[in-house]
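Next come two complexes built around chain A: one with chain B, the other with chain C.
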Partner chain A sequence: MQGLGGVLQTAVQMMLELDDSLLEIIVLSLRVSLTATVLAAVSGFLLGAVLAVWRFPGRGSILVLLNALMGLPPVVVGLMVYLLLSRAGPLGNLGLLFSESAMIIAQWLLVTPLIAALTQQIVADLMLEYREQLLSLGTSRWTMLQTLLWEGRFSLLTVMLAGFGRAISEVGAVLIVGGNIMHHTRVMTTAIALETSKGNLTIALALGMVLIALACLVNAAVAFSKAYAERAYG
Partner chain B sequence: MVEVIDRYAVPACAAGGKPDILPLRLTGVSFEAAGHCLLDDISFELERGPLTVILGPNGAGKSLLLKICHGLLAPVRGEVDWQSTSKLLVRSRQAMVFQQPVLLRRSVAANIDYVLRLRGVAKQERRQRIEACLQLAGLAHLERRGARVLSGGERQKLALARAWAVHPEIVFLDEPTANIDPTATLFMESLIRQFSRAGTKVVLTSHDLGQARRLADEVLFLHQGRLLEQAPARQFFDGPENPLARAFIQGELPC
Partner chain C sequence: MKLIRNILLCLWAACIALAGQAQAGEDFITLASTTSTQASGFFDYYLPLFQRRTGIEVRVVAVGTGQALKIGENGDADVLLVHDRIGELQFIRQGYGIDRREVMYNDFVVVGPEKDAARIDKMKNAVTALQKIAGSGASFISRGDDSGTNRLERRLWREAGIDPADAQGTWYKEAGAGMGAVLNMTAASGDAYTISDRATWLAFQNKADLVLLVQGDPRLFNQYSLMLVNPEKHPHVKKQQALLFMDWMTSTQGQQAIAGFQMAGQTLFKPNARKQ
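What follows is the complex of A and B.
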């Protein structure tokens, strides 16, 4: 194995050359994780905000469960989705196992509790500040929910980033439901796992650096937009 | 400025021929929290017309009373009755400005637009009302600025403009000038007086005697959760009947 300098050189070389197979893996990784994050944001924002705005029996238990699910092991999620989508499973007739859709479903399940729990906390904090004013203006509960989600949009962007981070970095779930099939379901993390198992540690590390660089790029883009919007709207 | 008010601020009772929600009558209202009695057996009636100032030292229960009148809190005992029995009508014909108003994280104009949308005002009329309100509050040049980056005085003006935009029949103002400088205070007071002249019932809390003298037509004096005196402003300031009210006016009310 090369030293760190050699690994860095290989990583930079890989990014500069950007051959078709690597580009395919990067694009698929981003497509799967971004789609899963957006879907998880839609469901997680809504679930979190409902739990923050409404009071109903069983709400406390749901919150405890949601917080516990934030640390859900990806392998377990992968296994559950595998059982659901396998031929003998209840959704086997959809034929989704070892497909991009299966990976998106697995990551969506993995990220939704994280986004929902963090959203609940953010919206609950906003409620303390906004509740009386919004009631005074005449908002219904549903309008209050929508308003608070919009008011918390900058913090929720950070939540989405956390969700994206969890999605793009996990390997267990996508490996089980995607199968790491070349040109079909191979993503960055499964490619790293494969290269490691083959003993190609330099390539595995270089791929890891490409992955980190991608995550940094996405984070930087969001952080820049967030800072600009916060300056404008406070 | 008066011209703008005359043009846009149609007295709420005339808008759409809806019935009045005033007078507001409180009967034996009490409020308790954590075993402490914060308001004790308060009764009074507020009619359309005179600008009412709820006066009293800090901790008298002024803000609490205003929130109960506005419907944000329910009294532990007693009744709050409006002339109208329609909750929807009562809710839609009143507004409140808080001591520290919460502005939405969007532009100045969008803050007013938000409340007008809630009341179902048509798009074209929303535009007209936003322009009128911002002009009135001296905020027209800040229309596109983020509301939460405004100065303290500008924020209060916007909160008042937002309350005014819905053409309320009654507006509750909770120490609206407590955190702003004297110039902005005078401007706010001039706006408040004009709203009152244009037909909106204004109920304002204050511990500032000077402000109460400048604005009040009628005074309710509150002390330690009890209503000690309700009188026309001149009568109250010239010769209050209650000894504690007299001591407050003379600056000798013990804490």
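What follows is the complex of A and C.
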């Protein structure tokens, strides 16, 4: 294997040439992880906000569980989804195993607890700030939930980024439910694992750098639009 | 309420999109196979030839033979290409697979550090070589993942009269990983030996000071076979397309294409299908 300089050079070369197979892997990675993050944001925002706004028995236990699930190993999620989607499993007749959809489902399940737990904290903090005001206006809980989510929108965007980071970086779940099939379910992380197993450590590490560059791009795009939105509506 | 309604609309649209994707039924079969056939680059060369001819795409899930058999048992693949005769025959006996066809072979090799502390270089007997490794103070890294290679290795230890489980964590290390990962570990450790299939070994790019030490023992013969996942157990198995693939791989043309895959001047897999 070459030194770090050689790796960097290979990485830059890869990004400049951007051949079809690399492009395909990048596009698939982004499509899977962005879709999963958006779905997880929808479910996580709702779940987190409900837990922040309502008081009901068992709420404390759910919160503890959610916080614990933030550390859920991807490979466990992968296994659960595998058992669910396998032909021998309850949802087997959908034939979704080893497909892009299976990877999205796995990452969605992986990211939802993270987004829900962080959302709960953000909305709960806002709730402390605005509670009296909202109550004096006689707002219903539903309206309160929507108002607070909207008030926290910029923080929630950062939460989404954290979720995206967890999704795009994991390999355990997508490898099991996607199967690392060329042209179909091969994403950045599973491609890195494959190149490593071929002993192509330089290419593997260069792919890793491309992945970091991608994550930077996504984060920069969000940071930019956030700054713009804050100026416009903040 | 508008926010909630929009959110629900988004979810609904996403569901439709996901379902649509699942419905897009292109012409493909799923092949569960071993890591050696993928990591050596064989499939990248071989499968496009079949696809050009028939338009059928072969989607490969490359795992250890043990896991590939499990995938077949669950009906998550249409065809298997694996290398563990005993496991395959049991798979057929249990009714999970039918139509077993031997298609190609190569051999296993014992690899280790150039300095070769166990002095096994050029030995012709793999069992004696393992005995020498066990007594030498050098270490042995095992796949430990119930793959075809791992199953062969365990049979060799049994024949050598050594129970490596006793040495677990001392000189015998179970990696629980694919061939490439184990070769990476062996290369990094500096004094360890392992058993690899020849294809992965030849294609492996990070050999460091690892060299091929033992080969040519008939016990190291490595047969690859095709099996169709039993359509009677799993009616969704794409029998027609899968049989087309099996027929092509065992045909004169398919066999010649196997022999045409070379690396460093060596043929990685040698065709040996019986005439249909």
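Operating definition for what follows: the second predicted complex is superposed on the first by the 230 of 234 C-alpha atoms of A that agree within 3 Å, B and C clash if a C-alpha of one lies under 4 Å from a C-alpha of the other, contacts with A are read in each partner's own complex, and residues count from 1 in each chain.
Criterion: a residue touches a chain if its C-beta (ideal position, glycine included) is under 8 Å from a C-beta of that chain, and two chains touch if they have at least 3 such contacts.
Just so it is clear, the structure is predicted and the values come from calculations on it, not from any experiment.
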Original post:
Looking at the overlay, does A:L214 come into contact with chain B only (first), chain C only (second), both, or neither?
Top reply: neither
Subject >> Touched chain A residues, chain B compared with chain C >> reply: C
**OP:** Scan A:E151 for contacts with chain B and chain C and give back first, second, both or neither.
**Re:** first
**OP:** Kindly classify A:V222 by the partners it touches after superposition: chain B alone (first), chain C alone (second), both, or neither?
**Re:** neither
Original post:
When the two structures are overlaid on chain A, which partner does A:M182 contact: first (chain B), second (chain C), both, or neither?
Top reply: second
**OP:** Examine A:L46 and indicate which partner it touches, taking first as chain B and second as chain C; both and neither are also allowed.
**Re:** second
Original post:
Counting only touches as set out at the top, which of chain B and chain C does A:Y233 meet: first, second, both, neither?
Top reply: first
**OP:** Examine A:Q133 and indicate which partner it touches, taking first as chain B and second as chain C; both and neither are also allowed.
**Re:** first
Original post:
Taking the superposition as given, does A:A124 touch the first partner, chain B, the second, chain C, both, or neither?
Top reply: neither
**OP:** Give one of first, second, both or neither to describe whether A:V12 is in contact with chain B, with chain C, with both, or with none.
**Re:** neither
Original post:
Both chain B and chain C contact which residues of chain A?
Top reply: 150
**OP:** Sort out for me which residues of chain C touch chain A in the complex.
**Re:** 1, 3-4, 7, 10-11, 14, 18, 21-22, 30, 35, 38-39, 41, 43-44, 59-62, 73-76, 178-181, 183-184, 187, 203-207, 234, 236
Subject >> Complex contacts: residues of chain A adjacent to chain C >> reply: 1, 35, 38-39, 42, 45-46, 86-89, 92-101, 104, 142, 146, 149-150, 179-182, 184, 194, 196-201
**OP:** Flag every residue of chain A that touches chain B in the complex, lowest number first.
**Re:** 129-130, 132-139, 143, 147, 150-151, 153-154, 232-234
Original post:
Which residues of chain B touch chain A in the complex?
Top reply: 67, 70, 72, 91-92, 95-96, 98, 101-102, 104-107, 114-115, 118-119, 146-149
